[in-house]
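For clarity, chains are labelled A, B, C and D in written order, and residue numbers in each chain start from 1.
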Amino acid sequence: MIKVVDGNQAAAFGAKLSKPDVIAAYPITPQTPLVEYVATMVARGELDAEMVEVESEHSALSVLHGAALAGARTFTATSSQGLSLMYEPYFRTSTLRLPVVMCIVTREMISPQSVWGGQQDAVTVRDAGWIQLYVENNQEVLDTVIQAYRLAEDKKVMLPVNVCLDGFYLSHMAEKVEIPEQDDVDRFLPPLKMDYIKLDPKEPISVDPLTPGGLLTHYRKKHMEGLENAKEVFEAVDRDFGEIFGRYYHGKIEPYRMDDAEIALVTMGSMSGTARVMVDKARERGVKVGFLKLKMFRPFPKEEFRELLEGIDVVGVIDRNVSFGFSSGTVFYELKSALMGHHEPLMASFIAGLGGMDITKGHVGTVIRFLEKIQQTKRVEKEVIWMDLEEEIWEKPLTR
Amino acid sequence: MIEIRIHGRGGQGAVMASKILVSAAVLEGKHGSAIPDFTFERRGAPVKAFVKIDDQYIREKTQVYTPEFLIVLDPSIKTAVDYYEGIADNCTLVINYPKLPGDVPEKVKTIGYVDANKITIPLFGMPMVNTCMLGAFAKVTGLISLDSIKHGISEIMEGMKDEMLEKNIHAAEVGYKEAVIVEYKGRD
Amino acid sequence: MEEYLDWIAPIGKDLYVIRTGEWRYQKPERDHEKCKKCGTCLIFCPTGSIYVEDERYETDYEYCKGCGICARECRADAIIMVEEVRE
Amino acid sequence: MGETIDKIKWLLTDKYANKALEEEIRDIEDLLSPGVSTCLGCGAEVGLRIALKIFGKNTILAIPPGCMGGVGVVGYGLTTGAKVPVFFPLLDNIASMLAGIKRQFNRKGEKVYVLAYAGDGGTADVGFQCLSGAAERDENIIYICYDNEGYMNTGIQRSGTTPYKAWTTTTPVGESRRGKPQVSKNMPLIMAMHEVPYVATASIAYLEDYATKLKKAAKVEDGLSYIHLFTPCPTGWRFSTDKTIEISRLAVETNFFPLWEAKYGKIRFTKKIWFKKPVKEYLKVVGKYSHLTEEEIEEIQKLVDERYDMLKSLAR
């Protein structure tokens, strides 16, 4: 079925098709319509799930903890301040190995006061043990939610997954989306089986006893192994998905026109589409540029990056977020440390699109020209460039 | 690629109109994307929505800065926003106005106007002009057929009461019928 | 359970038991003649250490911590607390 | 003379009430580990053992951070402290986690008691928001708050239910401060005002009354039931370990902690105090009030009377 839906609605369809048992969510801009869509589906009887209209995000995730321990497949979504209120149960979701799927409709963190897009919320919690997937368009939102359940519930993984979609640029953007058939989704996604941790009077165990350090270290190691397994499992999940639904997303990182590239751009989220357009344009000028769309930010696909960037002269990373303290974009510094001791291209970090600012074709075009200059001079004069603040390199975003 | 910008006030359905346009385009085998301007959608406050339509999948997720088509649901917002900002050469203006508006920039080459308030107030009890203006848009631009607009209304307004749906489709039909097209040659 | 799912999440199965009788510095002693078998000591014992055997109320010294509630609450004055002597 | 009458009354009535409860529960398996590391004379332990006996094996138990968590009810390492499924919610998400469990069991069509045994900190302070939310949403969970009037597990800090003038390590007694300057949060009444199916206060000195209330809570199917259980703490309140029950009884007999229940917000007293004692008799045996002057005791008496009168005006 073809429908015109916004990103929030696409996520709701993805959740519905995955047949969750319990949904708990608290509305927050720009995720609010997602909760409304799901609530409407439940109210109309199209989605048979327990819907818990909680009083806070903290409770939203907490309700899912209880439900998952009782064996439920669960769904929630949040954004920004909601995610930070969730931080306490957020960390615990992964450390209890509960395969919750949660959309983060990414948004800036306060302050200054802002309700607009930016990936600051989601990237800030990157070390809390979840898997994080960032998507480019609404079809990918829907498909990735379904994939997220397969990934989360894989016995080699058993970890919660965030599907991160850019606030407004995806959440409120409507476009054509193919809604998969329920039969196909059922074929792709088997029912959830939780038997390694559960609350059931028929088999009384305790969940989360006080744990001494040695044993805790063991759990941490297992957790990290689960995350590492997720890299391989996700490739298989994506490929399976492609076979059934005809849409394959190239797993953790999608390379675009990288075959003979000397310059590479790295992007995450909705800006990737704009990057495709501008890479094509630059290719018309004869620039050997390609780009890598980072989908799986956590676990960070270090090995794949090393392979894909082998022999590349210059890498530019556009981040819709900042890493306070490392003083660059977050993906930039993660990538930089991943490449350490391997082939190390010249690298520059571009910070753009904060607080709902558009990342325009003009922006991406400017980044590519900047990277060309680095390639010519073989020098990185400035490692971190704030796109809208540095007049000398900023072409007006009106440039088409 | 065709870029359209819709201006209106919160409550007039600018955002919904943008989605309906995309739905109509998709029915015709095209691709489209609709993004609202990200201000607070308060009733009465000026709002914008951006639409892109193309034969190819639209990859860039950006706003519209140089629209070739401008839909103005409420001309009275012009004291609050400059809805002509950044318009392309050969711009087509579709405006809710009882007569040919004066003071239109020269970049505008075609004007379509319709008194959508007069049509919609009896229907809805308030100037909910979005669907009426889309009917006018279909006639003025010829980009999308009225039938596709009607399909778009049914898809995007799904879940609404049948009666409301019918009224909106009717509004689009009347808007289509009553829109006046003027090839604009600049100021007299 | 499959290999992957072995001990991945913190759960407890065997019963956690501390021999709390070791904590005792005083010990309840019961005069069975005086005992009216009202059951007051049994329901109020925090550690659940009082049990009935052959219609006599007894204390499980394995777990009794010697708090003295039984002696205090006994209306028949059948229980007294004595110093715990350990060989 | 009053004391003698009182003793006669005790022998005549309460003794037999104890007997009935004792006969009912003594052969029921204790679902808690026999040896958990509670302090000597712990009031909360009494309440938990009885509650588990009443609810039985078909129960899922939540033990949040606090004394009962700290003593090993959720176990240590690879062990468990209970013979029912037990888990450790966060201090501030107890009611939400319970709600999630109950919803899923409902969905599966399986009946199970989902029970929290939480301290006053997790209930009246940091966990209050989600408890209030769960109450408003009519989540079918059973919530017992064991109120030892402070954060006892972490070493006697003040909580929202710490009474006026009580000493704690964060409301010390000195020249300019004399214990907690504020009155306690009236938690059971706040819960009653949520108009949930069942709210009750209970005391470990009146276990027969407590047991009856537990059974009523178990019967509720259309919403939340909440029991506020008064559990003195010998360690934190500064009294000898054998006086836990006696002090609980005094709190009831002085109207410091009256026993009542509320169905959908309609309040009814469950224990008539025939011979009301002055609150001084309660305060003088609890070490955390040992600094009080006669004037301060008078002031507390007035506050206790006012709170009781207010409750009476609400009761049927």
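Assume contacts are C-beta pairs under 8 Å (C-beta built on N, C-alpha and C of every residue); 3 or more make two chains touch, one makes a residue touch a chain.
This structure is a prediction, so every number in the text was calculated from the model and none was measured.
A.B. asks: Could you see whether C-D or A-C has the larger number of C-beta contact pairs?
C.D. replies: Comparing C-D with A-C, the pair joined by more C-beta contacts is C-D.
A.B. asks: What chain is most central when centres are computed from CA atoms?
C.D. replies: A
A.B. asks: If you average the CA atoms of subunit C and of subunit D, how many Å lie between those two points?
C.D. replies: Distance between chain centres, rounded to whole Å: 22 Å.
A.B. asks: List the centre-to-centre spacing of subunit B and subunit C in whole Å, with centres computed as mean CA coordinates.
C.D. replies: 80
A.B. asks: Please report how many Å separate the Cα centroid of subunit A from that of subunit C, as a whole number.
C.D. replies: One centre to the other, that is 55 Å.
A.B. asks: I'd like the Å distance between the centres of subunit A and subunit D, where a centre is the mean of that chain's Cα atoms.
C.D. replies: 45
A.B. asks: Do you know which subunit B residues sit against two or more other chains?
C.D. replies: Residue numbers touching two or more other chains: none in subunit B.
A.B. asks: Where does subunit A touch two or more other chains at once, residue-wise?
C.D. replies: 205-209, 211, 215
A.B. asks: Could you list which residues of subunit C touch at least two other chains?
C.D. replies: If we look for residues of subunit C contacting two or more partner chains, we find 11-13, 16.
A.B. asks: Mapping chain-to-chain touches, which pattern fits: line, ring, star, complete or other?
C.D. replies: It is other, because the touches fit no line, ring, star or complete pattern.
A.B. asks: Tell me, which parts of subunit A touch subunit C in their complex?
C.D. replies: Within the complex, subunit A touches subunit C at residues 96-97, 155-156, 158, 195-197, 205-209, 211, 215-216, 218-219, 222-223, 226.
A.B. asks: Mind listing the subunit C positions that touch subunit A in their complex?
C.D. replies: Residues 1-2, 4-13, 16 of subunit C touch subunit A in their complex.
A.B. asks: For a test of understanding, state which residues of subunit D touch subunit A in their complex under the given definition.
C.D. replies: 57-60, 69, 72, 74-90, 92-93, 95-108, 112, 129-130, 132-133, 136-137
A.B. asks: Can you name the residues of subunit A that touch subunit D in the complex?
C.D. replies: Interface residues on subunit A, with respect to subunit D: 21-22, 24, 50, 52-56, 58-59, 62-72, 88-89, 92, 198-201, 203-212, 215.
A.B. asks: Given the complex with subunit D, which residues does subunit C contribute to the contact?
C.D. replies: Touching subunit D from subunit C are residues 11-21, 23, 38-40, 42-49, 51-52, 60, 62-63, 65-69, 71-73, 75, 81.
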